[in-house]
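Notes follow once the structure below has been shown.
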Amino acid sequence: MKSAIIGGTGYGAVELVRLLDKHPNIELVKVISNSQSGTDIQDVYPHLSNILNIQLSELNIQSLCEEVDVVFFATPAGVSKEYIPELHKQGVKCIDLSGDFRLKNPQNYETWYGKSSAETTYLEKATYGLSEIYGDDIKNSEIIANPGCYPTAALLGLIPAINNKMIDPKTIIIDGKSGVSGAGRGVSLNTHYSEINENLKAYKLGQHQHIPEIEQAIEWSAAAVAAASANHAELESIPVSFSTHLTPMTRGIMCTMYAQLTDPSSATVSAFIEHYESFYESHPFVRIRPEGTWPSTKEVSGSNYCDIGFQVDARTGRVTIVSVIDNLMKGAAGQAVQNLNLMNGWDVQMGLTDIPMYP
Amino acid sequence: MKSAIIGGTGYGAVELVRLLDKHPNIELVKVISNSQSGTDIQDVYPHLSNILNIQLSELNIQSLCEEVDVVFFATPAGVSKEYIPELHKQGVKCIDLSGDFRLKNPQNYETWYGKSSAETTYLEKATYGLSEIYGDDIKNSEIIANPGCYPTAALLGLIPAINNKMIDPKTIIIDGKSGVSGAGRGVSLNTHYSEINENLKAYKLGQHQHIPEIEQAIEWSAAAVAAASANHAELESIPVSFSTHLTPMTRGIMCTMYAQLTDPSSATVSAFIEHYESFYESHPFVRIRPEGTWPSTKEVSGSNYCDIGFQVDARTGRVTIVSVIDNLMKGAAGQAVQNLNLMNGWDVQMGLTDIPMYP
Amino acid sequence: MKSAIIGGTGYGAVELVRLLDKHPNIELVKVISNSQSGTDIQDVYPHLSNILNIQLSELNIQSLCEEVDVVFFATPAGVSKEYIPELHKQGVKCIDLSGDFRLKNPQNYETWYGKSSAETTYLEKATYGLSEIYGDDIKNSEIIANPGCYPTAALLGLIPAINNKMIDPKTIIIDGKSGVSGAGRGVSLNTHYSEINENLKAYKLGQHQHIPEIEQAIEWSAAAVAAASANHAELESIPVSFSTHLTPMTRGIMCTMYAQLTDPSSATVSAFIEHYESFYESHPFVRIRPEGTWPSTKEVSGSNYCDIGFQVDARTGRVTIVSVIDNLMKGAAGQAVQNLNLMNGWDVQMGLTDIPMYP
Amino acid sequence: MKSAIIGGTGYGAVELVRLLDKHPNIELVKVISNSQSGTDIQDVYPHLSNILNIQLSELNIQSLCEEVDVVFFATPAGVSKEYIPELHKQGVKCIDLSGDFRLKNPQNYETWYGKSSAETTYLEKATYGLSEIYGDDIKNSEIIANPGCYPTAALLGLIPAINNKMIDPKTIIIDGKSGVSGAGRGVSLNTHYSEINENLKAYKLGQHQHIPEIEQAIEWSAAAVAAASANHAELESIPVSFSTHLTPMTRGIMCTMYAQLTDPSSATVSAFIEHYESFYESHPFVRIRPEGTWPSTKEVSGSNYCDIGFQVDARTGRVTIVSVIDNLMKGAAGQAVQNLNLMNGWDVQMGLTDIPMYP
C-alpha cells in the first residue's frame, strides 16, 4: 500500500515518517510541504540523513490520487477539510490528525476553532478514530478523524468507568499536563526554551479546543448507558472541567481525572482494575497499573501505549484516574497507524511493537 | 538577633542560609548538622565558597540556648518535637519547617506521619504559620509550625473564596504539581536524574501527609464562616481530593484547584479578582493575575511571592484557581523568614525583597 | 544617580532591572523599548508584577540626556554605536552590553559582525570592561564596552596564566558551552524548546563573533609579557581555537580551556591555585577551587561569581582550566553593574552581594 | 539463537532488552540480577509491563551454559572477568559491556580501574569491539570487549584522520560531554536531579578510566601508519588530553576534538568529508555531516548512529571534529548487538534499523 503525508515538516509528520518507514505493509512515497517543497527532508530533519531519500513536494491532489492509497494529514486546523472530499471521491483513504472532522456538530467546530466547519456530509462519513473504543466503526470507514492528544488520554481513562456506571459523568474534572512537542514546531514565545525550561505554566483554562471533543465522546457513552438502562437515547450536554498545563519536557501527556463514584461505599481500586482489564482485554496498547502504583509519562515514551492507574478515596467519595500517553504516538502518529491497521484488517500492532524508550 | 539552623545540609537549610545572610536584623551564628559536623559548609555546598565561613556543628541544646535567640528547624519529621520544648522553656524562639507541630490533632499526625506526635501542650503553643492568614497569632507566638509547601500554595488560593462563601468547601479538588527539590537532598531512585528528567509522575495519590494539613485549615475557615452566619462553630470534617505530581524541574509548586461555585449564575472572574485583591491588600507577597492570564512557576522563582489566577466556568458551575509558589521560598525558607519578621514586629518584607529570577 | 536601560525587553535588560532595583545608589527611571513602548513592563514580564511600576518608553536621546546620568545598552549589535557618541557628548555615562565598542580594530568588527564599525574616536574612548583585569582603566572611563559572556569566562581563566608565563598563548583551545538564555528572547528554531531540550548542539565552530574579542585580550596580555621581558611591545596575532555548544539549560557558561605548559616538568595544580588566588586576591567575584575539584555552572547561578578550577597533566604537558559564570550576570548585567560601581568609586560588590541560588 | 543478559537492572541491560526483543534472530531467555532475583522485570521497569514476561534470576554459570548461546555482560567493572573464562570454555559467546577486557595491558587496567586485571590469556582472546574499525577481528572472535561510550564517539571521529595522516596524534585534545544515563541507575548525589538539572559539571578531569582505552586505539592506529610508511611497528605511547562533563540530559555523548593538521596550508573541510565518507562507505551507522553543519545528540537519540562533522581553521592550523552518539545505543547496547551481528555473519543492521527518535 502506498501512502503520503501532507504537512511534512511538523512533529506529527516526522513521527509518522519514523513509523511508516518500519511498517511492513506500507510504503511512504510522498511527503508534502508547500512551504518547503523542493527541499530534501534530511535538510529539514538531519536525523533522517542517510535513511530516507525523500524530497518534500508540493500538493497536487490529482497526481496524489494516482500515486497513493492512503493520505495522512498532519496539518493545522482548516486544511484537511479542503482536500479530503476530493481525495475521498477518488477512493483515497484519509487519516486526518487535525481537528477538522472530529466534531460532529459543525457549530461546535466553528465556536471552538473559529473557522467554518467541514461539509456536514463528510463530517458524517468521518469516523472518530479512538481506536480502542470505536474500532468497529473504524474498520468500515474511509475517513478517520484521528483524536487529539488530550482527548485520547482522557477518554481511554474515563469511558470504561462511564460505560459501567462506576462514575457520574457530570462530575468529571480533567487536569491535563502536556510536554511541549504538542505545540508543534512553529516558533513562539510560548515554546521558547528559556521561557519553558524550569517552568510549569497553566494555559487556555476552560478554553482549549479539545473540550468539545472530550465532551462529545463522554456524551455518546452516557447516552449509550442511558439507552441501555432506560428508554431514551437522546444526547444530553455534559460539560467537563478541563485544564491544560505546559510541562518542561518534550513528549508526554498525563491526564489526572476526578469524578464522583456512583457507589462510594463499595468502590475499590481493585474493582476498577478488574473492570478496566476486562474492558481492554483484547486491546494490547492499554495497560492497567497494579493497585498502589500510577503511571509516568516516560514509561510510554516513543510507544503507542496508554497506561492507566487508579485511586479510590472513601473519604471524598471520588475516584482519581491517571492516564498517560506519548502525545506524538498514541496521541497522534501512533494512533493514526493503529487506525490504518484497523481499516485494513491488519494486526493492530503492526509497525507499532516498539518497547518504550526508557530512560 | 542571633540565629541557628538545625538540619544544615538540606535544601531548606541552605535556602535559609541564603536569606539570613542578607537579612539586616539577623546574624546566623550556627548551622547544625550531626551527620556532617566538623565540615566546612562550603565543602558540602561549594556555591557558598568565600561567602560564609561556617563550620557545621553538632547539636548541643544547652549551648545553643546561650548563643541564639531563634532556631530554625529544617529537619525531617520527628526531630523538632524532641528539642523544641526545651528550647522554648529557655526562651528561644523556634520556627519549625518540618511537620511536627502543624496538626493540632495528635491522632492525625500519628496516622499520616506514622510517628508519635509532639506533646499536646506544645502543639497548642505552636502557631500554624501561614503568614497572610494567621499573622495576628504569629505575632504573639514563640513557636511557629511553618506550613508545608503544597498547603501554602493551596490554602492561599482557597481560603479567601471559602471565607467569602464563593465556593463550597466540600467540593474542593486540588491537583498539585511540584519540582523535585521538594523531595530534599537525600538520594533515591525517585529523585535520580535519568528517572525524572523528561518524565511526569503521579505519586502518593490520596496519601500525602499534606492532606490533613490542608483539610485542617479549610475546616477552620469553614467553621469560622459557619460561626459567623449561624450559631455553631463546631469543626466539621471536610475531606479534599489532593493529588501530587513530580515535575521535571528543580523549584516550583503549582496547585490547580477546582470547586463548585455557590452562586454559579452570577460568579465571574472579575469578582474573584476583586475579592482576592481586597483580601490580600496589605499582603505584598500575594499577587493576583488579571483576567485571562494565569501564573507560571518561573514567575516566582527565587522569591517569596504566591501568584494566583482564576477561571470561572458557567458551563460547569465551577471555578478553577491556579496558585504558584517557589517551594523552597514561600513554601519553606521564605515564609519562615516572613514569620520571623512578623514575630518581631519587623517589616514583613525585610530580607525578602528579591525580584524573582527570570528567566 | 539616575539610570536608563535601552533594549528593555531582552533577557540582559530584565536582569539589569533585577539588579538596579536593589542597588542602593541607583534609581532606574526609564526602560526603553521602541518595539513595545507604551506597554507596562509587567505585561511583558509578569514576574515584575506589583514590584516595578514602569511603562516602556520610546527612545528620545535629548530627553534621556536630561533625565539620567548613566545609560545601559542591552541592544543587538549595531544600535549603541549610533547613540553613544551623542550621549557621551552630553555627559551621560554609557555601559554597552553589546559588541559595538569591544573591538579596537574596526576591521575586526566589520569582518566578524558584518556591519560598519563605530567611529574610531569613540572606539578609543571606550574601555573594555573586563572588571578584574582592566579596573584601573574602567575607573577613568565614561564609555564601557561590557565584555561578551564567553570572553568573560575564558579570559578570567586564561589571563593570569598568560601574564605569569605559565602557558604558551599560541596553544590555547577553548571549548565553550552555554545555556540557551545567551541567545536572547527572540524566537527561532534554535531556541525552540523541543529542539533544544535533551539535546546538545555544536554551533558556529570557528565562526563565533566572540573569537576576535578573546584574541584581542590575549594579545594584549602576551604583548605586555613580551614588553616586560624583552624589548618589543608590538601586538602579535594569536589565533585561538574556540568552539561553542548549546547546552539544555537556561543560564550558565562553562569554558574548558587547554594550553601547553611552558614548564611541564615543574607545573602543578597547586602552583596554579596559588598564583590565581594571589592574582585575584582583591577581587571578590573570582573564586578558585581546591585541587581535585572543578566548578559547575549552578554554583554561580544568579550571582556575579566566576569560579575557576585546574588540572595539570604531566603526561601531555598541558593544563586544563575550567571557568564558569552565569551568562546573564557576570557575563552581562552583573558585570555591567560591577563596572558602574568601579566607574563611580563605589564598593565593587554594591548591589551584587546575592548568594548563588542553589539548587 | 538464545541469549542472556547479566546485570539485568541497569540502563545498559534494559536497553539490550529493548533491542533483543525486536531482533529477528535472537531470543532473550534469561535476565540475571543477583540483587533482585525472583522479581518480575516489569516491577523493576514498569515500562516493560505486558510486553515481556521475564523473572529476574540468579546467576548459575552451569545452567546458563546449557541454556544460551551468547551472554551479554552489563555489569560493573570486575564482574565479567570472573565468569567469561568458564563461559568461553563451554562454548558460549560473550559480549562484555564492562571495561574488564578492553585494555590489553593488564597494568593499565590495574592503574585506571584499581582492580586486578582479567587473565592475560583471555585478554588476548578478547577483541576490542569498535565495530567499524575492527570488524574483521570481531567476525572471528568469541569474546568481545564492547567499547566504552566516550571511546566509541572519540575513536570513530579520530581514527580515519590518523590513518590518513591528516592530523598529528600527539596533539589530540578531546572535550567529552555526556548525558547522565552514562552514570547508570545507582543513586548518588552526582546523579540527584536537583543537583544536575540546570547545571553543567566538569568531572574526573584527566582521571577518567576511558583515557587508556582511547589512547590504546590511537596508538594502534599510529603504529599501523608508522609500520606502513617506515620500518617499525612498535607501539609508542601517545597521551591525549581528555576532559569529561556531565550535561543536563539523559542520553547522548558528544566529543569535540582538536588536533594539529599535518598539512594546514592545504587542509579543507571538504577533504575531511571526502575521506571520512570513503572510509565509512560500507558502514551504515556512521554519517558524515555536510560542510558548515555539525551534529547534535538528539539527532541520534535511540539509534545506533554516530554522526560526525568538521571545522578546519587555517588561522590556528587545527581541525575540530565533532562526534555524537547515543551513549546507551552506539555507546553500549546498540554496538553490542552490532557486534553480535558481525560475529554471526548477519546483516550488520539487523535489529538496529530504528530511526532516531526526534524530537
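Every chain is named by a letter (A, B, C and D) in the order it is written, and numbering of its residues begins at 1.
Definition applied: a residue touches a chain if its C-beta (ideal position, glycine included) is under 8 Å from a C-beta of that chain, and two chains touch if they have at least 3 such contacts.
None of these values were measured; they are calculated from a predicted model.
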Contacts common to chain A and chain D (chain labels): B, C
Chain separated most widely from chain B, comparing mean CA positions: D
Selected pair, greater C-beta contact count between A-B and A-C: A-B
Averaged-CA centre spacing for the pair chain C and chain A, given as whole angstrom: 47
Separation of mean Cα positions, chain B and chain A [Å, integer]: 38
Set of chain C residues in contact with two or more other chains: 11, 179, 181, 194-195, 197-198, 248-251, 295, 298, 301, 359
Interfacial residue positions of chain C with respect to chain A in the complex: 11, 179-181, 183, 185, 187-189, 191-198, 248-250
Sites on chain B touched by chain A in the complex: 173, 175, 177, 179, 194-195, 197-203, 205-206, 239-241, 243, 245, 247-252, 254, 256, 258, 294-298, 301, 309, 311, 313, 315-316, 318, 320, 322, 324, 359
Footprint of chain D on chain A - complex, ascending: 11, 14, 17-18, 21-22, 45-51, 181, 197-198, 250-251, 284, 287, 289, 293, 295-296, 298-303, 307, 353-359
